[in-house]
Each structure stands twice: as C-alpha cells, then as structure tokens.
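In the part that follows, the structures are each spelled out as structure tokens.
Both complexes shown next keep chain A, but they swap its partner, so chain B is in the first and chain C is in the second.
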Partner chain A sequence: MNRGVSKRAFKEAAQGYLFLLPTLFVLLFFIIGPIFYAIYLAFHKVQLLGVSSSEFTGMRNFTRIMVDNRAHIAIWNTVKYVIIVVPIQTILSMVMAAVLNAGLKGQKIFRVIYFLPTLTSSAVLTLIFMWMFNQSGLINELLSAVGLPIYNWLGDPRVALNAIMGMNIWSTAPFFMVIYLAALQDIPSSLYEAAELDGANAFQKFWNITMPSLRPVTSFVVIMGLIGTFQLFDQSYIFSAGSGGPNNSTLTVVLLIYQYAFKNLGTMGYAAALAMTLAVIILLATLIQRRFSKEESLN
Partner chain B sequence: MKAIRWFVIVAVMTALSASLLAGCGSGQKQGAGGKVEITFAGWGSTPEETKLLDQVLADFEQSHPNIKVKHEVIADQYMDVIKTRLIGGKGPDVFYLDAIEAPGLIETGVLEPLNHYVTPDFDMNDFEKPMIQAFQKNGNIYGFPKGYSTLALLYNKKMLKEAGVEVPTTWDELRAASRKLTKGTKVYGFGQNPELARTFFIAQSLGGQVVKNGRANFTTPEVLNALQPYVDQHLIDKTAAQPSDVGAGWTGEMLGQGKAAMVLEGNWAIPFLKSTFPNIDFGTAEVPTIHGKKGTMAFTVGYVMNAASTKKQASWELISYLTGKQGMKTWTSKRFELPTRKSVAKELGYDKDPILGPLVAGAPYATVWSEGSTLPTIFNNFNNQFVSAYIGERPLKEALQEAQDQANGEIGFQLYD
Partner chain C sequence: MNRRIGIGKIILYLILIGYAAVTLVPFFWALSSSFKPLEEIVSGKISFIPKVFTLDNYRMIFIQQPLFGRWLLNSLMIGVAITALNLLFNSMAGYALARLNFPGKNLLFIIILGVLMIPAQVTMIPNFLILKGFGWLDTYQGMIIPSMISATYIFMMRQFFVSFPKELEEAAEIDGLGRFGAFFRIVLPLARPALAAQIIFVFMGSWNDFMKPLIVMSSPEMFTLPLGLNTFKGQYISYWNYIMAASMISTLPILVIYAFFNRYFIKGITFTGGK
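Coming up: the complex of A and B.
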C-alpha cells in the first residue's frame, strides 16, 4: 500500500515535469543560458564579429569600471534618477488611487483617463514629450505664461535628466495606481466605519488604516519601480540620439552597456561586466528595500 | 489504457520540443528554377527613393536573368541589426555600409576584398578619389560607394536680399552677414550643428589633426583655435544657434521654418525643403573658405560583400551593376544622391546645375567622414563635451581636454587590454 502511494506520487510528479518541459526548455536556453554566457563574457575580452576571438582577462573588465569616468557618471545618474523617481511615483500612484477610490462621480471614466499613459509605447511617448519639451514647445509656453523661467530642456545638461524624470513619472504612476486601486478595494469597510465612530477624520483614516493595509502592495510597487528605473534606457537614448549627452547628463548604465556592446568593437566583455555590476546594484537596492519594509511591519 | 495515455503525452511533448528547436534554425532557401538568390540589405528611406531602388534592381534582374535579388529593408538600428546578423552567420550577401563604420568592419574580416573581382572595364579610376579611399585598406578595396553628399551653404534668398548682404565666400563674411541677418532669438543668421561630423573640417582648418594615430587629439592649439570662432559665434555674437535652441529637429528644418538664414547642409536637405517647405526660396553655394582654404565634409555609403557569402560571384555582379556606369546613372538620376563616378556626374550635368553645382564642386577637396576604426569612440566623446562648451557651461579647452582623456582611455582599453 505504502509503496503504491509513493509510486503514484512519483508518476504524478513525472507527469507534471513532463508538462513543464517545454517551458523549462525555453527558460534554460533563452534565459538561464544567456545569463551564464554573459558571466563568461564578463571575464573575457571577446571579438564576436568576423574572426572571433576570446581571451581570458580575469577581473580586468571589472577593474576597468573602477577607473572609467563615464561608468561612474552613468551609475551616479541612474542612482539619482531612482532616488527621485521611485518615491514620487509611488506616492503619486497611491494618492491617485485613494482619490479614485473615494467614490467620486464618473470614477470609471477618470480611471480610464489616468491609465491611458501606460498604454502608450515609450518610444512614441518620448517623441511626443520631446516635442513638448521643445524650446518653443508647450511646457515652455506654459512656464512663460505664469512668469517662470524657461529652459532648453533637451539641450541643457542641467535639466535634461529632469525632463526624462518628469516624463517617466507621468507614464508609470498610472500603472501602479491600478495595482493600488485593487488593493484598496480589499480593505474591509468595517475598519473605516469603526474609525468613523471613533471620530477619525479623512486624513487620519488614510494614515492609520489605508497606509498600513497597503504595506505589502507598497513593497511590491517599490521593488518593481526600483528594477524598472534602474534599467532606464529608451528615453535617454532617444533624448540624446544615443550619445548620453549633453555632457553625459543623460547617460545611464544601460545606455552605456549598449554603447559598449554595439557601438564599439571588441568591448562586449566590458559591457557584460557592466551589466553584471548593474544586476548586483539592483539586487542590493532590493535587499535594502526589503529590510526596511520588514522593520516597519514589526511595529 | 494507461500505457496509451502515457504514449500520447510523451508524443505531444516531443513534438512540441521538436517544433521549438526547428524554429531556431530556418534553412537557407534555394532559388527557384536554377536561379541564384542573393540577399541585399539596406536601410529604409523615403518612398520615392525606395521606388527608384526597386527600379534599378528590376533592371539588374532583367539583364542578369540567372540572379534573383531579395531586397531586405532594415528600418531601424541598421548597424546593430547587421552586426548581430553577421555574428549569427545570417548576414546578407550584399549590404549598405556607411563610410564611418567601414574601417572597423574591415578590421574584423567580415568584408570580402573585391580586388580580384574588378575587371578593367569596370573603370575604377572613374570614382571620386576621397570617396573610394574610405573603403580601402592596405591596398585592398572592400566596397564601392553608391553615392555621396558634400556639405554646402544653403541660404534663404529673400532674407539675404532684405538684409542687403551678399552670399558669403569666406568665414569672416559669413560671421558679418550673420550679424545683419539675426533678429533677436527668433531668427538666427547661421544654423549650427555642434558635432564632430559637421565640424571635422573646421577643426582641421588650421592644420591640426583631430585624430592622430587612431587617438583623439583635440587639445592642440591648432584644433582649439580653429573651433573657438565657431563657439564664439553662438556665445558672444549670438548670431548662430543649434536646432534645439529654436525648436527644430535639424538645421535643414531651421532653414525651412525661417529660423535660420544660412545653414551648412547636404544633398538630402534639398528634396526635403522642396517637399516640406515649398515656399522657401533657397540657394546653394560652396562652403565659405576658412583661413583662405576651401573645405567641406563628404558623407558616403558603399555596397560591400559579406565574406561569409556562398554566392560571391553573383554578389559581385550586383555590386558592379549598382556602382557601374549604367546602374549609377539610373540611381542618381533623381538627385537623391550625387554620383561618385565623375563620368556620370558629367553626363547628368550636375556640375553645372545651379543647386547641385556647389555640392559637386566640393567633392575634390572634401574631408570624408571616416577615419580609422576608433572614430566612433572619438566622436561620441567629442559630441558629448563639445555641446557643453557650446552652451557656455565650461571653456572649450577644458571640455575638449576631458573628452580627449576619456576617449583615449576608452581606446587604450579597447585596443591593448
């Protein structure tokens, strides 16, 4: 009897794995394989085009990152971008969701309108924003109409990255808003009723009930935001026509990886080393975030 | 019963995995009816240009009945796609190659040297020398230019007339004319492109070398002094601006929108202006002389052959037809590009054309935009820093010093790691 059960369990497991096989195969060849290949590349100097060659260089590619000025600028730009964009888009999406959940008239229409930016392709979005950020474009017209100084958003290194930040917050906040909205609808209304009986005002209810209940979702949103923002590429590529300029102000790590992998010949290994460094940075950021959210949930 | 079920599951899974594997490698197609099929890749251009190319290819197929050309258009990120396909062994037999990318690709050995295919009646000496040199290395030739464009001074006739200035023939005259043509921050006398592809010849006008032994060499006094007036015209005179200062995408658009009275642009701007801004009456002139010397940039694209191609003879037939006298005449007859063959230029009368004449006149003295395999690294760093000097963020010398150090650091790492 006992033997029979284990045999059936084995059969069931085998069947399960058999069904998983195609997916496992795809994962192995198209995701895990390339990861290992990238690790191999990071420790070699490779020339893939034409007469291909590869030469083991040990840690050379990584020590190069230590002295590569542009790599430092790229990492710093990316970190700056993450530090500013992630909190703003998280708070903005939470507030937007709370407003939409408050029972306004025409809630559904607003929800659709708010969600629209997410559906636009980021390349199209960038082109539209470049037109708006133009020297004589919409943004500058609005700024000058209210008497604020105008900028050359695309050409001035001091503000070029800010333009990208603004655009990205505008386009990703609605996506997280939808996630928050779903979470908000899960909060039992009895909690709010109890708070009302105790005489809590709207702000107190938001601070003491809504925010704590949303903690797991916030954690998810922040992690997804971190990963997404660390991988900023297409916007800065289109803004700077691929150079990362002016004066390296829109240079991000992924743009630098792209330049070394495709624009220069024979630096594929260095690009792989940069990519691994970025992966480690993202991992660390995620771990730090998790640590913070755990400590919070202890109180 | 159970055995059958297992059999079915295993069969389905095997079929799925097999179809997945099969999807990875699609076999080479054999041309139908004993014809040799060669693939030919290029980037997309305007519909009129594509139509013309199709016409030329149809002519070729008619005169070479045993060859069929499969034309592939790579719409975006052309070089990335080509390089990736060459690495994967799926490169096209014949493809476009910009002169700036040629030295790098030649070095890797993916291009087929064409010397022993060339026959005397192909008449290699007919090509404009600077254009053909871009595809040569150590006595080998790896490609033939399909056409070229030089830069010329494009100016708004009405604006010049209203301001009462003549078409400038020297750089000093251009600066003086710009002062009269500028109207505040709405209309600038001169539209500039602060990047190396457009300023290379200016930077070398005092005898300096921007690229020396494959290294960046921006900070010699000759180069700095040659570039300083270009920046000064923007920062001190305030009579020149870059496209983003006036909300245009490029200098051709600046001229078209009436935001610049004069720009340095190539042949590609002419059909654009005629179709998009038909009301602008513009003229062309040779680029004003700098320090008493004539100079301009030339941009050229060639046809090259994949060294891994299995249909080399047919590929050569295509290249030699496209760059031959007949093919080039058809291709350049609609003025999208200038003919690199002197005889064709003469036959089409472009050297005497009021609009194209100044562009053709620039060909013999033009600096071709191609300079060794390290140029992409060099110009990327130059553009990045030159803009910061251009907008007055830091002195030119400081900006270019940083660009030079960074570029040479990268090149050193790239070459001698």
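Coming up: the complex of A and C.
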C-alpha cells in the first residue's frame, strides 16, 4: 500500500517536471542564467572581436557612469520624461475612465476608438507621428491655424523630446483607462446615492468617492507607468534613427545601453553596468511609490 | 434641475467626442496619406480626403521594397510560433503548479513570480551573448525559443487551474485517460477563455516587438515588420505615402485579431491590471 502511494507520488512528480520542462529550459538559459551573467558582465571589460576576452575591472564600469557626460544627459532626459509623462497619463486616464463610466450612450464605440493606439505597434505609431511632426506637417498646420507658434519638432533639440512625450501620453493613456474603467465598475453605487442625498455635486463625488476608491488601482497604474517610462526606447530609436539626436535630446538610458552594448566596441560590460543601474533605479522608484501610497492609505 | 443635467451630459459627450477625435486623427491622417499620390502629399495642403484616390502606394511598397513581403511573412511565422508554444507551455506549467505535487514546486513558483519584476534591459545583453554562443543569432529559433514561455501567463494559467473543478479530471481518469490525455482532451479545451486572452496578448506582443528583433536579427531578409518599416523609412525618407501604406498594412492583422477577440481583450487587460 505504502509502496503504491510512493509510486504514485513519484509518477506525479515526474509528470510535474515533464510539464514544466520547457519553462525550466527558458528560465535557466534565458532568464536566470542571464541575470547572473549580467552581474558578471557589469564587473568586467568585455572584448568580443577577435579572441573574445573579459577582464575583471571591479567597480570601474560603475564609476565610469559618474564621469560619462552622455550617461548624465540620458539619465536626465529619462527622468524628465518620467516626471512629466507618468502624472499626465495617470490623471488623463482616470478622468477619461470616469467620463466613460458616466452612463452615456455609445460607450462601447468610444472604448473601441480609444483603444486603437494600444493595439498599434510603437514602430507604426512613431512613423505616423513623425509624419505629423514634419516641419510642414499636420501638427504645425493645426498650430498655425489657431495662431500658435510652430516648431521643427524632429530637428530642434529643445522640443524633440516633447514630441515623444506627447505621442506616448496619447498612446498609453487608453490602456490605463481600461484598467480604471474596470475598477470604476466595482465601486458600489450606494456610495454615490448616499452622496447625492447629502447634496454632493459631480465634482465632489469624483473627489470624495471615486478618487479614494481608485487608490489601489492608481498605485498600480503609477507603478506600471514608472516601469514603462523608464524603459523608453523604441520611440527614441526610431525618431532619431538610433542616434538619440538631435544633439542628444532624445537620448534615453535604454538607448544609451543599446548603443554601448551593440554599436560601440569594447563597452558591453559598461552597458551591462548601466542596465543594472537602471534596474536598481526602477526598483527604487517602485518601492518609493509603494511606500508613498501605503502611507497615504493609512491616513 | 433637469436642464443642468442636460448641460452636464452635453459637456461629457463633448469631452468624449473630443478625445475620440484626438485619438482618431493620427490614424485617419495616416490612412488618407496612404491613398494619396506623392504630389498631393508634398503639396502641403491639408485634406483628409484624398483628391486623387490611388492604391498605387500599396502596390509600390512591394515593388520598391521586395523584402516587404518577406518581413510580413517573418512576423507572421514568428508570431504564430511564439503564440502556439506559449499557449501550450504556459498552460502545462500553470497546470503543474496548480495541480501536481513535486519537490521544489513552491520555490519554482516564487522564482516565476520574481521573474515578472526583472526589466528586460538586464537580460538583454547576456541573452545576446547566449544566443551568439548557441549560434542562434539571426535565426527564427533565436527569436522564438527565448520567448516560448511567459511568466505572466504561467501565473495566469495557474490561477485559472487552481479554481478549476477537479472532478472532471477524476472522471477522465476513471474513463481510462492518463494525465496527459486528460490534460489535452479535457482540461485545455475548457480553458478556452484564458487561452483566448493569451492568444491576443502574446501575438500582439510579438507582432509589435521592436527591440528583440533589433538585437537578434541582423540580415534584412530576417527582419520582422517593425524593423523593416524602420529601415524602409530610412531609405524612402520623403516618400511618406509609401511609409504610411506600409504602416497601415502592418497594423491590419492586429485589428483583425482585435475584432475577433474583442471580448477577451478587455477581460485579459483587466485581469493583468486587477492583480
């Protein structure tokens, strides 16, 4: 009897491992292995050409970040991008979800329309916006039609990053809007009815009921927003043909990592160190956000 | 009182329509540009409806860029392969983690959860070197094998199977089906809604991915559509009519999938969002 049980348990374990075999393979070779490999690389100078070699350099790759001017520009651009884009897309998606949830007719059609940018690839979206940001393109035409100043969006270092910010807020807000929408539908309507009895207006209801009820979702949206914005790459790469130009104005940390890893020779270890640094920054940002939103909900 | 509600509603509709316009204008503009001849494109006059409607741009991109068809095919092949493997392997892993007992199960589950938090940049460079070591750079398997599972959907499938009634499998066992027979013939077919969400997200992720093919693929005939579009833009920098036509073609498959699976799409997103 006992033997039968252990045989059965053995069989079940074997089946379990068999079911997980592909997962274990990918985990080992393409996720966990690479994480340790990345740590190794970050402390080495890697030479791939000719006889590939790596030389232990201690913290040198990390201290190099302190004196690398392009790294400073990339970090500053990325931080600026995160600070501007995350709050705007969060607020925009929350407000639009609330409007969509107000019980108007045609909600479904609007939802489908708003969702288009989420479906479309970053490459296509960037090309469409580059076409519109052309010097004599649609955006400048619209701006001049209402008497606003026009810009050389693609070529002027002062505005190029703003063009990418606008495009990405436009394309990510709808995704978060859907998440907010689902959360809004879970708020009990009795809360609003009670507030109406107390004579609350629409704005007061939004401020005192909707916003607090959405706090956990907002925390999620902000964290996802932080993770996404810190990793800005595709748009900068396509926008500047891989250079981060004009004049480094669209250079982001990930684009810089890409350049050092795959376009420059002998800087792969340094690129790995930059990638580790970015991972730590993202981790810290999400931890701070968590801390922040927890304290808020305690008060 | 009634009048105030009316005005409120009008304002809400104006916001909705205004935002819909902001969303749609870029797509309309791209679509209309893709049907215009080049002269109309460079004339600088704004019109959303082409004065001369032409399908030439769509025809010409395949002639101007003979590899365009190949990119389309590459994207399709890689997308379908990654999606099929993900459906199978994520379900198998999720099922094992939910149902079967074996040593190391909990540790493995924690590792899979932890993997969700690792940003792609950390593994990007080592993965390049590992693929290089395998001799998989610039190959289909180099794109497909590392992406054939996804921690997110293993987690999702596990949650799905945890709340899945055990009796069905027990009945299958009595009917003489083994573990694998029960899994493929009873369990998987019943997991259809969860699988549908995966189909959309995994295929879309692969179809729209820019960075991975940029790193893995180096010869133009191995490019996927997003990469191809980018080089196409580089070559035909002022032929925005071609570039927009190519962009529209590469968006179409996703729109078709969305139209088919719309229902699961929102569900899938709110699932990944809610938890």
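Quick note on the criterion: the second predicted complex is superposed on the first by the 273 of 299 C-alpha atoms of A that agree within 3 Å, B and C clash if a C-alpha of one lies under 4 Å from a C-alpha of the other, contacts with A are read in each partner's own complex, and residues count from 1 in each chain.
Definition applied: a residue touches a chain if its C-beta (ideal position, glycine included) is under 8 Å from a C-beta of that chain, and two chains touch if they have at least 3 such contacts.
Quick caveat, the model's predicted, so the values are computed rather than measured.
Chain B and chain C, once both complexes are superposed via chain A, clash. When the shared chain is aligned, no partner comes close enough to touch A:Thr172: not chain B, not chain C.
Legend: residue contacts after superposition of the two complexes on their common chain; A:Ser236 is shown touching neither chain B nor chain C. Of the two partner chains, neither chain B nor chain C is touched by A:Asn77. Within the superposed three-chain model, A:Val26 lies in touch with chain B and with chain C [touch as defined at top]. Of the two partner chains, chain B and chain C are each touched by A:Ser136. Legend: residue contacts after superposition of the two complexes on their common chain; A:Phe262 is shown touching both chain B and chain C. In the superposition on chain A, contact is made by A:Tyr17 with chain C only, not with chain B. Set against each other, chain B and chain C touch different numbers of residues in chain A, with C touching more.
Contacts of A:Asn248 after superposition: chain B is touched, whereas chain C is not reached. Overlap of the chain B and chain C interfaces on chain A: residues 15, 19, 22, 26, 134, 136, 262.
Within the complex, the chain C residues that touch chain A are 8-9, 12-13, 15-16, 19-20, 22-27, 29-30, 33, 44, 46, 85, 89-90, 92-93, 95-97, 100-103, 105, 108, 111-112, 115, 117-130, 145-146, 148-149, 154, 179-180, 183, 204, 207-208, 210-211, 214-215, 225-227, 229-230, 233-234, 240, 243-244, 247, 250-251, 254-255, 258, 262, 265-266, 269-270, 273-274.
Those residues of chain A lying in contact with chain B across their complex are 15, 18-19, 21-22, 25-26, 45, 47-52, 57, 60, 64, 67-70, 134-137, 152, 154-157, 243-248, 259, 262-267, 270. Chain B contributes residues 9-10, 13, 16-17, 20, 79-80, 83, 86-87, 104-105, 107-110, 242, 244-247, 307, 373, 376-377, 380, 383-385, 387-388, 391, 393, 399, 406, 409-410, 413-414, 417 to its touches with chain A in the complex. Residue ranges on chain A touching chain C, taken from their complex, read 9, 12-17, 19-20, 22-24, 26-27, 29-35, 37-38, 41, 96, 99-100, 102, 104, 106, 110-117, 119-125, 127-132, 134, 136, 138, 141, 170, 174-175, 178-179, 182-183, 202, 217, 220, 227, 230-231, 233-234, 237-238, 241, 254, 257-258, 261-262, 268, 271-272, 275-276, 278-279, 282-283.
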